[in-house]
Amino acid sequence: MDVKITQPSLPFPGSIQDTPGGGIVLSKLDDVINWARSNSVWPLTFATSCCGIEMMSAASAKYDFSRFGFEVARATPRQADVIIIAGTIVNKMAPVLKRLYDQMPDPKYVIAMGACAISGGPFFYNTYSVVKGADHIIPVDVYIAGCPPRPEALLHALITLQEKIRSGLTRDQIRAQFSEDGK
Amino acid sequence: MIRFLKNYFTEVFQAVKSLFLGMKLTGYYFTHPKEIITQEYPENRLTLNLSERFRGEVVMTHDEQNEHACTGCSACELACPNGTIKIINKFEINAEGKKKKAIDAFVYHLELCTMCNLCIQACPTDAIKMAQTFEHSVFNRNMLTKQLNLAGSKLREGVE
Amino acid sequence: MIEEITTAKEGEMVINIGPQHPSTHGVLHLLITLDGETIKKLEPNLGYIHRSIEKMCESLSYRQFIYSTSRMDYLSAHINNHACAMAVEKAMEIEVPERAEYIRVILDELTRIASHQLWWGAMAMDLGALSPFFYAFREREVITDIMEETCGARLTMNYMVPGGVMTDIHPNFVKHVKDFIVQFKSKIDEYDTLVTDNIIFQNRMKNVGLLSAEDAISYGTSGPTARGSGVSCDIRKTHPYSLYSKLQFEEVIETGCDSFSRYLVRVKEMKQSVKIIEQLIDNIPEGDFVAKTKAVIKLPKGEFYSRAETARGELGVYIVSEGGTTPYRIKFRSPGFSNLSALNHMVKGYKIGDLVAIMGTLDLVIPDIDR
Amino acid sequence: MLSFENISHGLHNWLSAIMSETPVVLIELTLVALAAITLFAALGLILVYMERKVAAVIQIRKGPNRVGPMGIFQTAADTLKLVMKENFMPDSVDKFLYKLAPFVVMITAMLILAPMPFAQGFQIWNINIGVFYVTAISSISVIGVLMAGWASNNKYSLLGAMRSGAQIVSYELSAGFAILSIVALTGSLNLNDIILSQQDGWWIFKGHIPVWIAFVIFMIAVTAETNRAPFDMAEAESELTGGFHTEYGGMRFALFFLAEYINIFIVCGIGATLFFGGWMPFHIGHWEGFNHVMDYIPSSIWFFGKTFFLIFVIMWFRWTFPRLRIDQLLNLEWKYLLPISLFNLLLITVIAIKGWHF
Amino acid sequence: MGNDELLEKLKELFPDASIEQGNDWPELLFEHAQVADGKFLEVVQTLKSTNEFLFNYLFCETCVDWKTHFNMVYHLESTQYRHSMVLKVKLNHEQPSIDSLSFVYRTAEMHEREIFDLFGIVFTGHPNLKRIILTEDWVGHPLRKDYDDPINMIKL
């Protein structure tokens, strides 16, 4: 029996946008700045639970997110660009997360990694202390589903985030654009 | 005194030796780039072979007539520990004029799913299975809520 | 909100370590009172990852609650699942097929190796050496690949079900495990060269974080933390479960009571785990991988306790059943919680740098502590 | 043959020919300043890139390879991003010191560049007390670190700064004694004279075992002085999150970051000058033919080659060893390195007086 | 010591408590009135220091809410003899309180803070009895059966 998968897999983010001028030589200053920002995304070492281990795996030699320049994990939010919410956020942690986010200088990005950070995931029902999605606390740019997502999935999310930074669009704009495309 | 000096120098020598051995090991890796084990995602996307058991997301299998095997028994919904699956049923009137239960929408919340495989185990008709996809990154959380049965799909004949 | 505690005496300084701090391996919050760099007092503040698993499990069926325990101590997910499955099996008096037991024990020990490897890398990273982390993950990735091939997930497998395991092992399982053992044995010496024998490392670890045997028992520590203090507490030896009574292996006990002996216990345990796997891998018997169970599991009325030795210590699963399909009350006695309680005792009088080393040797997993 | 010496002399002659002396000096000063800043930026980028690549290969991974060929623009992107980051200041900091600290650190790093002989006859300022100048100026950078730690109003920063203060002040002693041993051998404080004294062989080969000991002590001390692992007490990421620069972000953090690498370059440059003859090619005694062949390699390549080799060794340390504890660190200095270097200096003085070196 | 022998010995020692063989270990159940006024500490001290028992390892301490009463459950083990027992104390539901064991078993300090936090049981004599897991301003004790939080808890 021939079977096909119902959901067409998402188009790969890196392949959507052709950079004019073949890569590095860009015309506008904005583009140069966005290029720099997108290629230098320093994460905050912030992990609450299981997804943090997959984040460590993504840093490890086999997956090595340093290829994209992400390996400069900063322990202090003052120097970080992206906060990867790797794990569940509970009510007690929520103010701390908000504070960490506020301490980061602009421009800053947020990746919600895994089911817990997106929506509370396994702890959505019948729990009294779990925040049902980190985007109730801070705005999230990219969501990765999975529990926990593979290291490759994290890399995919980072590439997706790079695409967002390069496009120079705000969160709402890029959401609107992608909803129109029907993805 | 001599023994003390001897011990002292042995200790210093051992210490320096241990440091040197450590540097030798890292030096070995520095001079042997073949030890590098990095797999370059996304360049290796096409050759990336995930195990067939890898649980990436739940999908419903459809054949070429756009038919699936889900009877809407909601065994998966019951088996799911955290309400990832919602089955909305409708009643269809078939050729013989009988009312028959069928799924209207098989709603799957990928943002909640923990890939625990309990729904697949529970399914009596093997209508759903785990796919090996993992590139689920989206800008909008709503896009993770999916309807697994394709538009206009029907229950395959003979599946009860 | 983190509040400044202003009860410090003259000349003392109160520092918040965490909830976001690289060496707490998660979101642990420690309030430490310092005199210069010397720690006078330490008070842990938990709950930054308290996900109310115990409350949640009260509304999950006995098949479902196992998956949530993978998220407790995610580095010993298999062993957690094993303990839960054992508790249900004990209550239901299910006979687990021999093949399932073999698979379970092999996977448990692989999990233990993977957990200790991650600990080894993270511990070295805490002490400032960054390369060991990458070498440790090289071997760990091999294990996660084996897990993924057979169980379908890399970290939170949910592979053990009441009565056995979820699916049969992958056809390549045996071969890949053997390959791993060969690779592991050739690389384990590097661990010693790079870290164990290093003079800086030894100076950082020896005579630091002393925990006497009496204190270790009184503080309820278990696992390598207690065994580093000379307490025999390996559940696999003292209360053998599954196949462990038939296996030849040694309980690693070091009597140094300091950070270095806790370190040695873990490194040696990896070798013991390999020994266990070697005994089993060639003899996996044919047969069912899961016992026949009813679709809906109802536990008889009563209280059931099962103990298992995770990579961090003794995990207890205490189920109170009222005879229904869901537990009335479930309690996970997590090893990290008790081990953490000894931290205040261990760090008094040491420096901040030592605190990091001592916490490293306790191998804390915060979701395991908070549950 | 095109060399830095010819270029600088040519430029000077050309400028002198077309205008009077004062504008020439002004123009030359501007040019030197521009050149120094450019060199700084370039060195910072190259060293950070080198560090990341060395780390990657030691850690069996690939390292940055996306941004530009082999990832060579990675650090450029990082710098640009840091420059474009929000220029924020936490509320409760001491505003003046907070702003000043990164510049103090950066400017001291720049100042030490002055007497550095990059190539034959190519030096910003041929000062006759060069060695003294370098040791004096390099100790100012600790003030910048202390300022940063104090002004940040953060306990981690304060601890980091205090550690750094204790560490740099103590390790400066043995670094100083190691430098002095070469001064004792050459009898000059002028860096150029020191290089010229190595015409028939570098001190590391001429000076017997005591110079080796001095060199090892020098390497340990400068690793500590530049706050590099295994002596990165001041930052100690796993203990103090970021140490003295915990509260810094954006451009100000970039200045600290760059200054760290510039400092490494400078101390390695000094080390290369003192022990490996700076720009002096590899000469063996009076083997005229061999020496002549070696002279064909430009002097700037000799200097940078040696310096980068020493930088690599320091990076190698970093990616191999765990960090020391603060009290062990001070013990190492006061109980081992300082007595040894004092004794060693005595030995070298005897060698110098008796003329026992080659 | 085997479970049967242990059971006998315990019966001898505590004739007024109800003792039965549980699924794994002997279970010793006290009513709260039997161990009030510091008697509980005596009982535990006896169990810990009697040469035949030496229950020096408290490996699990928890509480069960039975709606009408609470049951404190202590799992004790002897690291020397490797025998274990379960000690239970019935507490009333209105004002549950019991002596703290934190000076007998150091590990009890953290466990009791957790139980205080999640069940609201007051441990008299505890050195530092305050919430450890939830925030200080949390209302209620979530592991009690009557706990309800319509805002945070979404029922499935």
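Order of writing sets the chain letters: A, B, C, D and E. Residues in each chain are counted from 1.
The rule is short, and it goes like this: a residue touches a chain if its C-beta (ideal position, glycine included) is under 8 Å from a C-beta of that chain, and two chains touch if they have at least 3 such contacts.
In this text, all values refer to a predicted model and were calculated from it rather than measured experimentally.
J.: Which chains end up together, and which apart, when chain D is taken out?
T.: Once chain D is set aside, the chains that still touch form a single connected piece.
J.: Identify the chains adjacent to both chain C and chain E in the sense defined at the top.
T.: Touches both chain C and chain E: A.
J.: Per-chain Cα mean versus the mean over all protein Cα atoms: which chain has them closest together?
T.: Taking the mean of all protein C-alpha atoms as reference, the closest chain is C.
J.: Could you work out which chain's C-alpha centre is the most distant one from the centre of chain D?
T.: The most distant chain relative to chain D turns out to be E.
J.: What are the two chains with the top count of C-beta contact pairs?
T.: Looking across every pairing, the one with the most contacts is A-B.
J.: Using the average of all C-alpha atoms in each chain as its centre, how far is it in Å between chain A and chain C?
T.: 29
J.: Which whole number of Å gives the spacing of the CA centres of chain B and chain D?
T.: Those two chain centres are 50 Å apart.
J.: Where the CA atoms of chain D average out and where those of chain E average out, how many Å apart are those spots?
T.: Using C-alpha averages as centres, the distance is 63 Å.
J.: So, what's the distance in Å between the C-alpha centres of chain C and chain B?
T.: 24
J.: For chain E, write out the residues touching at least two other chains, lowest number first.
T.: 133-135, 142, 155-156
J.: Can you tell me which residues of chain B touch two or more of the remaining chains?
T.: In chain B, 19, 22, 25-26, 29, 36-38, 40, 81-83, 114-115 touch at least two other chains.
J.: Scan chain D for residues touching two or more other chains and write them down.
T.: 58-62, 237-238, 241, 319-321
J.: For this entry, which pairs of chains touch?
T.: A-B, A-C, A-D, A-E, B-C, B-D, C-D, C-E
J.: Which chain C residues qualify as touching chain D in the complex?
T.: Its residues touching chain D are 13, 15, 21-23, 37, 124-131, 133-135, 138, 194-195, 198, 200-201, 203-204, 351-356.
J.: Using the touch rule from the top, collect the residues of chain A that touch chain C in their complex.
T.: For this pair, the touching residues of chain A are 44-50, 52-54, 56-57, 60-62, 75, 77, 87-88, 90, 92-93, 95-96, 99-100, 122-123, 125-130, 147-148, 150.
J.: Which positions of chain C touch chain E when the two form their complex?
T.: For this pair, the touching residues of chain C are 44-47, 50, 52, 54-55, 59, 90-91, 215, 217-222, 231-233, 238-239, 302-305, 314, 316, 318, 320, 328-329, 331, 333, 337-338, 340-342, 345, 370.
J.: For a test of understanding, state which residues of chain C touch chain B in their complex under the given definition.
T.: Touching chain B: residues 60, 63-65, 67-68, 131, 138, 141, 145, 148-153, 156, 158, 166-167, 170, 190, 193-194, 197-200 of chain C.
J.: Which of the residues in chain D come into contact with chain C in the complex?
T.: Of all residues in chain D, those touching chain C are 55, 58-61, 155-156, 159, 163, 229-230, 232, 236-241, 319-328.
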